[in-house]
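Quick one: the structure is below, and I'll ask about it shortly.
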Amino acid sequence: MDWDLVLGIARFVVATTLLLLLTIPTAFIIIQMELKVIALMQLRYGPNRVGPKGMFQSTIHGFKVLAKEDVTPDLVDRPTFTLAPWMVFMAAAMSMLVIPFAPGLVAFESSISVVYFFAILGLSVVGLLVAGWASYNKYSLLGGLRSAAQMVSYEIPLTLSIVGVVVLTGSLSFTQIIEWQLQHGWAVIWQLVGFPIFFIAATAEINRTPFDMVEADSEIVAGFATEYSGMRFGFFFFAEYVSLFIMSAITVTLFFGGWLAPWPFPAQLEGFIGTLYGLFWFFLKTYLFVFVAVWMRATLPRVRVDQLMGLAWKVLLPVALLNLLVTGVAVVVFNLSGVQ
Amino acid sequence: MDDLRRPGSPASRLGRRRALTAPAVAGALVRALTDRFPELAGTLWTDEDTVEVQIDGARSVEVLSRLRDDPELHFWYLADAAAADYGVGEHFEVVYHLYSDLHPAWLRVRARVDRSSPHLPSITGLWEGAMFHEREMFDMMGIIFDGNRDLRRIYMSPDYRSFPQRRDFLLPDDAADSSAAGVNPLERPETWDLSRFSEEVAHSIDPILPLGTSAMAPGPEAAEIEADETDADKSRPR
Amino acid sequence: MAVTTPGKQDPGKQDPGKQDPGKQRPALKEPGHKDPGAILTRDSGSERALVPTETSAPIIIPDQATGDALLREFGMEEHPKGGFHGLLEVIPTRADWLLDLIRANSLWPLLSGLSCCAIEMMSSATSMNDIDRFGMFPFRASPRQADVLIVAGTLTTKMAGPLVRLWEQMPEPKWCVAMGTCTTSGGRFKRSYSVVQGVDRVMPVDVYVPGCPPRPEGLIYGLLKLQELVKQRRGQWTTYVDRGPQRLAWEGDVR
Amino acid sequence: MTAVDPETRVPDPIELDRAEEARLHAALGVDLPPRPGDEYAGFDTVGIPDRPPQTEREAEIYTLDEGEMLVNMGPQHPSTHGVMRLVVKVRGEVVVDLDPVLGYLHRGIEKLCENATYTTVLTYVDPMDYLSSMHNEHAPAIAFEKLYGIRAPKRAEYIRALVVELNRVFSHGLMMGFLALDMGGLTPILYGFINRDETVELLSAISGQRMLFNFFRVGGVNWDVSDEFISRLSSWRSNVGRSIGDNEALITENEIFTARTKGMGVLSGERAIALGVSGPNLRASGVPFDVRKAHPYSIYHELEFEVITHSAGDVYARYLQRIAEIKQSLHLIDQIVDQMPHGPVQAQVPGIIRPKPGRAFGAVESPRGLYSVYAISDGGPNPYRFRMRDPSFISLQVMPVLMPGHLIADTMAIMASLDPIMGGVDK
């Protein structure tokens, strides 16, 4: 018997389970953060009754949603209506597999993890589109169509902006990209144009303010989730915040050195302490970006659909291509590539 | 209209030097009106800031368009259009209030409408914005404006049959204390399950109920349970 | 929850004279209503076919129900031993308690205002009077995700249909708060030809908040009262089987 | 698992419902609605009422061309500002036509007022335009005083002007918030409400009520202002500029906001006049029509102010118009407090007044425009006819004119810029 294979499968199963379990506290923490931070920005207290300083409010919300009646309206397309939230949530959860949290702490080590990540992340648009179509509700339909148009458009600048990093580092593996950054400094220094494109496109990709017209309250009630209740709505709700975490994590990994500390000595430690040290910096940086997203939500109004698409095709795409060209030329001319 | 655009125009300064109390201020307007409408001179009436003129309903479009387009009158703004009912056997009155920069007073035009055939030409050709006024008058008073292309009910639902603003439409004196308590006659019998409000009404309606009413034939068990709930609040849905 | 044994009452806890009428749950009417706590088995000798098993274990009865009248209130008059048996059933009852605690602390109101009171309802959600403190999340736009319908403002006959429809679209468990005198009784528009004289004519109401309009503090007080109701499972809390047939079409529908 | 005896099994109520529904449908000869597995009802066929159209316009809105769809916004929609229904005909995301359906808040206030004494009428009109209750009371007070032939004392007129300008400040401040909220900005509405709550607390200090103030009386006002109130007012006055400024900093220069509002929903001056639009919406289209200037009432002829206009006529101009009017109102409040004379605040008026038969028209400039009352007296204790003209009711006619060609997302922004209040629209 090939014990390596068995061990590999066992490791994969354990890691997947752990990551799926990790999504739950992650979503709770981010929801709590959003409740509290937006409240403070709006000169309110925010939740302060459940637990010390209201710390468990988001958990309570989550369990409440779990205990609600799960209504399936009469005229919906039942199989797809049931499937859609599951697809959205699994797309988010599965893309967590390749995120390197700390040295050696990655569930699925692959040399093409970047490709895997963006392939899986693209699946969630299918879930949203299906949810919008299956709900038999015009608001849902409009929300689903908007999400499809938006996410398909923003995939392109999103992917093009990271190709700059890939060309620079010469690798499609997140772990190797971080190791390259250990040698050369954070990629954001080399990709001053690529990072803003990535950040804007990522915000649009996960439907956060100011690009949240998929579930625009004031226009199309709750968008694709209008007819969803109970835990099926909970899956959408969770997936939104898990995606936010994932996008922040990928931003950190690609541009801000992943688990590396912001100073070179010691940017990275060995052994178990090193893992903790890496985890600390990784989560700190990730939650910093989550905070930025929450901040934007409290501040900015929403852009319109045509402005959103115009931004993607008329601004981000040409700039991303230009960035790619400049990066490629620079890599060849100055021989910067990680491929030695 | 161009002089309105300039904030410093005489039109916009007019208000500042005007004293309200003297009816004589309306003198220029009264003179202009008697010049142009000598047949209406007998109906002219003024108070401290209003000049009133009465016309026949059939003439309303003609008179109002002359009031609007005459350069010396220039009543460009339709401030209000309302209807009044003077009771059964009397007449309706449609009242237009107009505003002009050239004259300090409101102009009130009272158009008399026959109550037995309440027809009046629509003034939506003069002011588009009269549309909602006329729809409201149609809804509340039942006055029909000929030439209005959107004369449907605006407040009450399309299947409503009465005209609430008429004088012969009486409010229930105190509905909650009357014997009709619990049944508001307008609570849409065709959509509501009346058995929820009153048992008698439920027994009198047709046995074939439209969809959505609780026609679930109660079995003997249910009837038993119903029986000892005579004191339950029937006004609430179960 | 009170613990008692058959035929023996705990005088300290249960004084029938002190029963709060508001604590009585609505009687169970529908055939086939399932009491979530009752363990039922078939008994061929019985007319009603379903009776509880015989045990001599302590009986745990929700809301301090004692005496025949109270048992009847719970629809348990056929179950002389009540609905709960054995020690292990403490766990489900405690689970219910926990669930109620969770529900009470996470009441999402529906973003639905009818008239004047809606402004005070919004005011209660804003910085000066922040109901987010109590877990009343910023208002949900879709009725499918809401827990509380705050009827804020005069209900007219034209709006009654859509409002009942919203109520029916909300998933169980759900609660209704009537805010303002117009919704409790018609208020100053009671005599009007187009006003529903109290929203409780068309849907069940758990908490009435008087005032025209009530101050935001009044609404918050009402919602805190609702939290108490939720914790004690009083009010109009029903299970989904009690809904009755749903309307499918309304006048003026544009779907 | 014990098998369930079908004879003694209690049927599932949902099954009962289904069976009963099917039986009813069979009895009535109505088709069952499609179930999963049945033919899927298309989105393009549903939506048209099952009665013949009553007017040309109704036939027009409900006639769908290829690729068009009806979207029903309301009567319960997160941002219809109350209960209003907009039947929107869309082609994709582009609005082709729009029909406002009103009456979901029709409370019959006019009829109730005709059954109430003149004094109680002033309580009935409060909930009409519930963000400007002071103006709602001002217009009937003017009309009834004309009917009864009295005038309010000078100090009462100053207090009236003070409270209506305070009311205008918070009403316009909330409009800024609602406009931002309908564009997805969460925070401005909260800042607007902070300002509003402070202002209504201030007003409740003299009126005794927080929202529907019931402060005006025929021939005066209910309470005099005290020195304590004036000191509270001055502390409010020193804060309000900052709170409005905070809100402005969030919205006015925001690039997303300007990109979404500039050049959108342009209403020309001529069209606005023809449509009967009044108030800030009309002035934002460049027409300097302000009842306070055009037909001065109360003490406005003693105050220094100019009619503010903007020329663009778009959503952004309507927004800027409100900001400018807030500042103008603050300026007016300063003047009023400076010039306020001493004296009584209530004329000698009996509890039940019986004016001589006659007619009176009273108009004020409310935050939404020309708010007028036309009252007929027959000599009795009740008005024979009591008519209110609400500006937002008339302004709503602009929606079908402005909307075609815009996107669904703009529907709510344009409507928020018109600032209708459904309580006034539906009476």
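Think of it as A, B, C and D in the order they're written, each chain with its own count starting at 1.
Here, contacts are C-beta pairs under 8 Å (C-beta built on N, C-alpha and C of every residue); 3 or more make two chains touch, one makes a residue touch a chain.
Everything numeric here is computed off the predicted structure, so don't read it as measured data.
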{"item": "Farthest chain relative to chain A (centres taken as mean CA coordinates)", "value": "B"}
{"item": "Distance from chain D to chain C - Cα centre to Cα centre, in angstrom", "value": "34"}
{"item": "Centre-of-Cα separation between chain D and chain A, whole angstrom", "value": "42"}
{"item": "Residue numbers of chain D (touch at least two other chains)", "value": "16-17, 20-21, 33, 72, 78, 103, 106, 108, 111-112, 115, 186, 190-191, 194, 426"}
{"item": "Numbers and ranges of chain C residues touching at least 2 other chains", "value": "30-31, 111, 126-127, 141, 158, 191-194, 244-246, 248, 252, 255"}
{"item": "Residues of chain A whose C-beta touches two or more other chains", "value": "42-44, 74, 138, 217, 221"}
{"item": "Pairs of chains in contact (touch as defined earlier), listed by label", "value": "A-C, A-D, B-C, B-D, C-D"}
{"item": "Complex contacts: residues of chain D adjacent to chain A", "value": "33-36, 40-41, 43, 69, 71-72, 77-79, 93, 180-187, 190-191, 194, 250-251, 254, 256-257, 259-260, 407-412"}
{"item": "Footprint of chain A on chain C - complex, ascending", "value": "99, 102-103, 105-106, 108, 111, 126-127, 130, 132-135, 137, 140-142, 144-145, 147, 169, 171-173, 240, 248, 255"}
{"item": "Residues of chain A touching chain D in the complex", "value": "38, 41-44, 74-78, 136, 138-139, 141-142, 146, 209-210, 212-213, 216-221, 297-307"}
{"item": "Chain D contact footprint on chain B (complex, rising order)", "value": "1, 4-5, 7, 9, 11-12, 14-16, 18, 20, 47-50, 52, 76-80, 82, 84-85, 95, 97, 99, 101, 104, 106, 108, 127-133, 136, 140, 149-158, 164-165, 169, 171, 208-211, 215-217"}
{"item": "Of chain D, residues touching chain B in the complex", "value": "16-17, 20-21, 24-25, 27-28, 30, 51, 54-58, 102-103, 106, 108, 110-112, 115, 146, 269-271, 273-278, 286-289, 292-296, 301, 306-307, 309, 311, 358-361, 363, 370, 372, 374, 376, 384-385, 387, 389, 393-394, 396-397, 426-427"}
